[in-house]
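Dropping the structures in below, format is structure tokens.
Next come two complexes, and both contain chain A; in the first it sits with chain B, in the second with chain C.
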Partner chain A sequence: MKYNLTKKIYDRTFQVIGLITISIALLMLVIFLVSIFKMGIPRLSWDFITSLPSRFPEKAGIYTAMMGTIWLMVLTAIFAIPIGVMGAIYLEEYGKKNRFSHLLEKNIANLSGVPSVIYGILGLELFARTLALGNSLLTGSLTLSLLILPVIIVSTREALKAIPNSLREGSYALGATKWQTIYRLILPAAAGNILTGIILALSRAIGEAAPLIVAGALVYVPFAPTNPMDEYSALPIQIFNWISRPQAAFAINAAAGIIVLLVVTFLLNGFAIAYRYRLKKKQKW
Partner chain B sequence: MNRKRTEIMVGWLLKISASLTVLVTISIIWILLYEAIMFFRQVSIVEFLTSTEWTPLFTNKKFGILPLLTATFLTSIIALVVAVPMGLITAVYLSEYANPTFRSVIKPILELLASIPTVVYGFFALTVVTPFLQSFIPGMAGFNALSPGIVMGIMIMPLISSLSEDAINSVPRSLRHASYALGATRFQTSIRVLLPAASSGIIASIILAISRAIGETMIVAMAAGQQPRFTFNPLVPIETLSTYIVQVSMGDVPRNSLEYSTIFACGITLFVFTFLTNNLGIWIKNRYYRKYEI
Partner chain C sequence: MKIIVKLSMLLMVVLLATSCGNKSKQNTLKGQILIDGSSTVFPLSEAVAEEFRHTYPQVKVSVGESGTGGGFKKFSRAETDINDASRAIREEEIAACKENGVDFLELEVAYDGMVVVVNPRNTWVKDLKVSELKKIWAPEAQGKIMKWNQIRPEWPDKEIHLYGPGTASGTFDYFTEAIVGKAKSSRGDYTASEDDNVLVQGVASDELALGYFGLAYYENNKDKLKVVPIDDENPANGEGATYPDAKTVQNKTYAPLSRPLFIYINSKSLVRPEVQAFVEFYLDNCIALAPQVGYVSLDSTAYKIAKDQWNEFLQKHTQKQ
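Then we have the complex of A and B:
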């Protein structure tokens, strides 16, 4: 009887510890958001978003950095999506179980574990120096593309894997070729999940600072970039720069910049998660 | 016949796209090796691995990687001390104790925690956690290993909890039922049956988290300082491998100089450690999935 009681006490104790642990994680998130919002909200204004950088904290804005980030995202999407999706189609639909695709799989698992600063070094040597693209948006976005390529490939493969084989067999039975089946049937069926994965990958790229700094992004640019060969800064780099300054007023700017960055990241993530949930409910097979 | 030609061409195009990833790996290894060899022509590899001073940017240059390495491990260990218990408890609680509604609310929030950009975590460490810790730890410097370590732990905690939860969930139901049938409580079942059965998946999740912590850059660059120091004291400013790479990239060090090439020596050191931990993690994970394949 006594033994039974002790083991129940242990069980209950763990339940409480579990709840406390999860509460601590949630509490950190709340403290985190509240402290940043409390600091940054008063500074946030339309002026802050449309002003150029300045050495006076009250005049400085995020316009150039934000335009840099928008350019980066568009270019990264253009480079990374086609290659990532095509690579995933090869691995999932064509090269199943041969030795070459086994090697590719291992390689992709490894690439997704390479630290982002190392991608920065790769971008610096390969794009900025060897291809002589310099400190341009092109260098930055190509670097980010390589960084999120494994993420896109893995999520696209998951999406393709979820399509039942009966769909493929039905198409073959009607005399369609492999590519016709993929292009007209499999891709449209998997499009929603592929899109979700792409959005999550881009939302990861948007917050990256380290690889861009190493690959030659600038902490200060006087004007917003207007073409892919222009020099640029990005939102996370601007935030890093502001927080590195001794004046307290710049820390407030950093908090306001973080709010903008967080809103964009949370919107992208929220959209992806909600969309995934809806797709799951609508699924017909 | 046209159709057949399209088929073949598309097949090749897809294969080339997939092969690009191999090219990326080869480029990374080639660049790091080539530049590191250039560096070690000028600096003795023995000094690099054994000297406890790292001052390549000063007039009196010393090239000992140890201060950067100890700093990297110090912040990573602090992160793990926070993340491993929290992650494991969360994983067991969510898979064995929580009801489905609670789980479906908490899991997206944890996902959110993992999606926050690292500069934001760095800001949090510097402006909230450090002042808080300073209020009761006398003599703690404004830049230190403890605060970014703790914050990094919170960042990698969802990684451990979600991978470990997957591992616990894939333990066959029959094991659970057998344990309950013998009169064990949920806690006993979790500790004595599920955790040992899922151990390789859990260990893999921890190893992948270690690799993530070693390579993490912005949190430590913002809150741990930029002073290479050979110490395990978590209260003083230090500099990690990744921070040093960022510091040199932001400064006015002329490219093609010896000072500049130090980032490749640091890069290859960082790459070797993350490569080893990653592969160990992947290897353990694969072994584990084979174990329960029916």
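Then we have the complex of A and C:
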């Protein structure tokens, strides 16, 4: 009896501690969101979204930075997703498990911990200078792609690992080739988790300012980019610039900018989540 | 997958098309001007670019803020047309320019004042001498100068709490050079932030605080801060302590805490008429625009001199071509 009671007490204690930790995390988020929304919502307007940057806080808008961020995200997704997913498929399904692959694995895991500004320096040398892409959206999105590739690779591999081997064996038993098995069975089955990883990776990329500034993103850009070679600014850069201005009205702009950034992030992720939902529905087993 | 392949092909085509078509735009003021450099000068260049756009809507002026040093790296490779700088160009940066055949013109465009502030509830500080500031901020003061009465015996026996910019900031460089005598030489035990607004908050909420930062941050928070007039102990420059304001910064009686802000113009960009128009526009409009973004303009004769320098530089380089 007594033994059982202590066990129960332990159990309860752990539950309570867990509840407290999650509450603290959520409370921080709520405090942050409430203060941002209180400050920023009154500033949000169609004008704010469609205006160019300006030295007058009440006239300044977020249009070019927002367009820059949308361009960046689309391009980054185009570069990073196929490379990341295919790299993970190779490592997980094709690659032999030897010393070299072990080394590769450790390196990829380490890369996801490299400070983002380092990627900015790499992007500046490699893309902006060596490949002569300059201060373009291409430079920025390729830099961000490098930044999130490790995240995509690691999460895709986890997703692939979670597929039971019996599925692969069953497919081979029916005479399917390796590629057929991967393309028709494994990938669809893992798609949900892969997408989750991609969402996390893109959400990280969208909030980055430091690597973009190093790689040549600008702050005052009075025109929306029309092609991937155009110069650009991005939402986090504009927000950072506003927050460090002396005039208090710019801080309000920054709050409104943060709301726009949140909405853009939610929208982009929303597409991915809706797509994941559709995939799950299509899955027949 | 198919969509991805198609999209990336489309991208390639667009890429090729644009990289070929970028060269031929020298007619009736179209084109692109690229400015980078100091984040301190940024608001001024942004303001000029914003106004310039009203006059020349076809010219795309964009401004970055990768820092004075980062900007000069790009400038010396002729990757940018104009570099914003909160300090004069350094020897090694000049060398880098020469190596790439870049000649440049340095133009002073405005002053940035620095203020020393205390909390409004601080009743004892009426002024500070430069020597006292040095005593407070010198590296030797670390861990030693901790109380107000160590600076002047009649001040209270209370702790002094220091606030200042982080070591990456140009304000830090300039303040340490002007006060301690050597750039970047400062005590380390103070509350540092790269964001001057954080310093404003700190001093505003701490009765025992003393801090320094840009004049614009004081002018936008006058109700929360008390500014300290500075005595440079140089009788030639007026007796006693001087308050910082537009006039004293401009006529340099508020010394030594005001610094000039510069733009550097790349000789390789001079052939482009849109760059010429922009520099002229910059010099013509600074006097009105600098105060709007929190800086102090030069007096009008100084801009005239700058314009003469500019014309000379322009002639020298356009005749060669």
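The definition used in the following text is that the second predicted complex is superposed on the first by the 234 of 285 C-alpha atoms of A that agree within 3 Å, B and C clash if a C-alpha of one lies under 4 Å from a C-alpha of the other, contacts with A are read in each partner's own complex, and residues count from 1 in each chain.
Everything that follows uses one rule, which is that contacts are C-beta pairs under 8 Å (C-beta built on N, C-alpha and C of every residue); 3 or more make two chains touch, one makes a residue touch a chain.
Since we're looking at a predicted model, the values are computed, not measured.
When the two structures are aligned on the shared chain, A:N227 is found in touch with chain C, with no touch to chain B. Of the two partners chain B and chain C, more chain A residues are in touch with B. In the superposed model, A:S116 makes contact with chain B only, not with chain C. Legend: residue contacts after superposition of the two complexes on their common chain; A:A251 is shown touching both chain B and chain C. Using the contact criterion defined above for the overlaid structures, shared-chain residue A:L146 touches chain B, although it does not reach chain C. In the superposed model, A:S54 lies in contact with chain C only, and not with chain B.
Shared-chain residue A:I213: touches chain B and chain C both. In the superposition on chain A, A:G192 contacts neither chain B nor chain C. Taken together, the two complexes place residues 82, 213-214, 216, 219, 243-244, 251 of chain A in contact with chain B and also with chain C.
By the touch rule above, chain A contacts chain B in their complex via residues 7-8, 10-11, 13-15, 17-19, 21-22, 24-26, 28-29, 31-32, 35-36, 39, 82-83, 86-91, 94-95, 101, 103-104, 106-111, 113-122, 124-126, 129, 146, 149-150, 153, 177-179, 200, 203-204, 206-210, 213-214, 216, 219, 236, 239-240, 243-244, 251, 254-255, 258, 261-262, 265-266, 269, 273.
The touching residues of chain B, counted against chain A in their complex, run 3-4, 6-7, 10-11, 13-15, 17-22, 24-25, 27-28, 31-32, 35, 85-86, 89-90, 92-94, 97-98, 106, 108-113, 115-120, 122-124, 126-128, 154, 157, 184-188, 190, 208, 211-212, 214-218, 221-222, 242, 245-246, 249-250, 255, 263-264, 267, 270-271, 274-275, 277-279, 281-282. For chain A in complex with chain C, the residues that touch the partner chain are 52-55, 75, 78, 81-82, 134-135, 138, 213-214, 216-223, 227-229, 231, 241, 243-248, 251.
Residues of chain C touching chain A in their complex: 1, 4, 7-8, 11, 14-15, 17-19, 22, 32, 34, 36, 39, 42-43, 45-47, 49-50, 53, 60-66, 70, 79, 194-197, 214, 216-217, 219-221, 289, 292-294.
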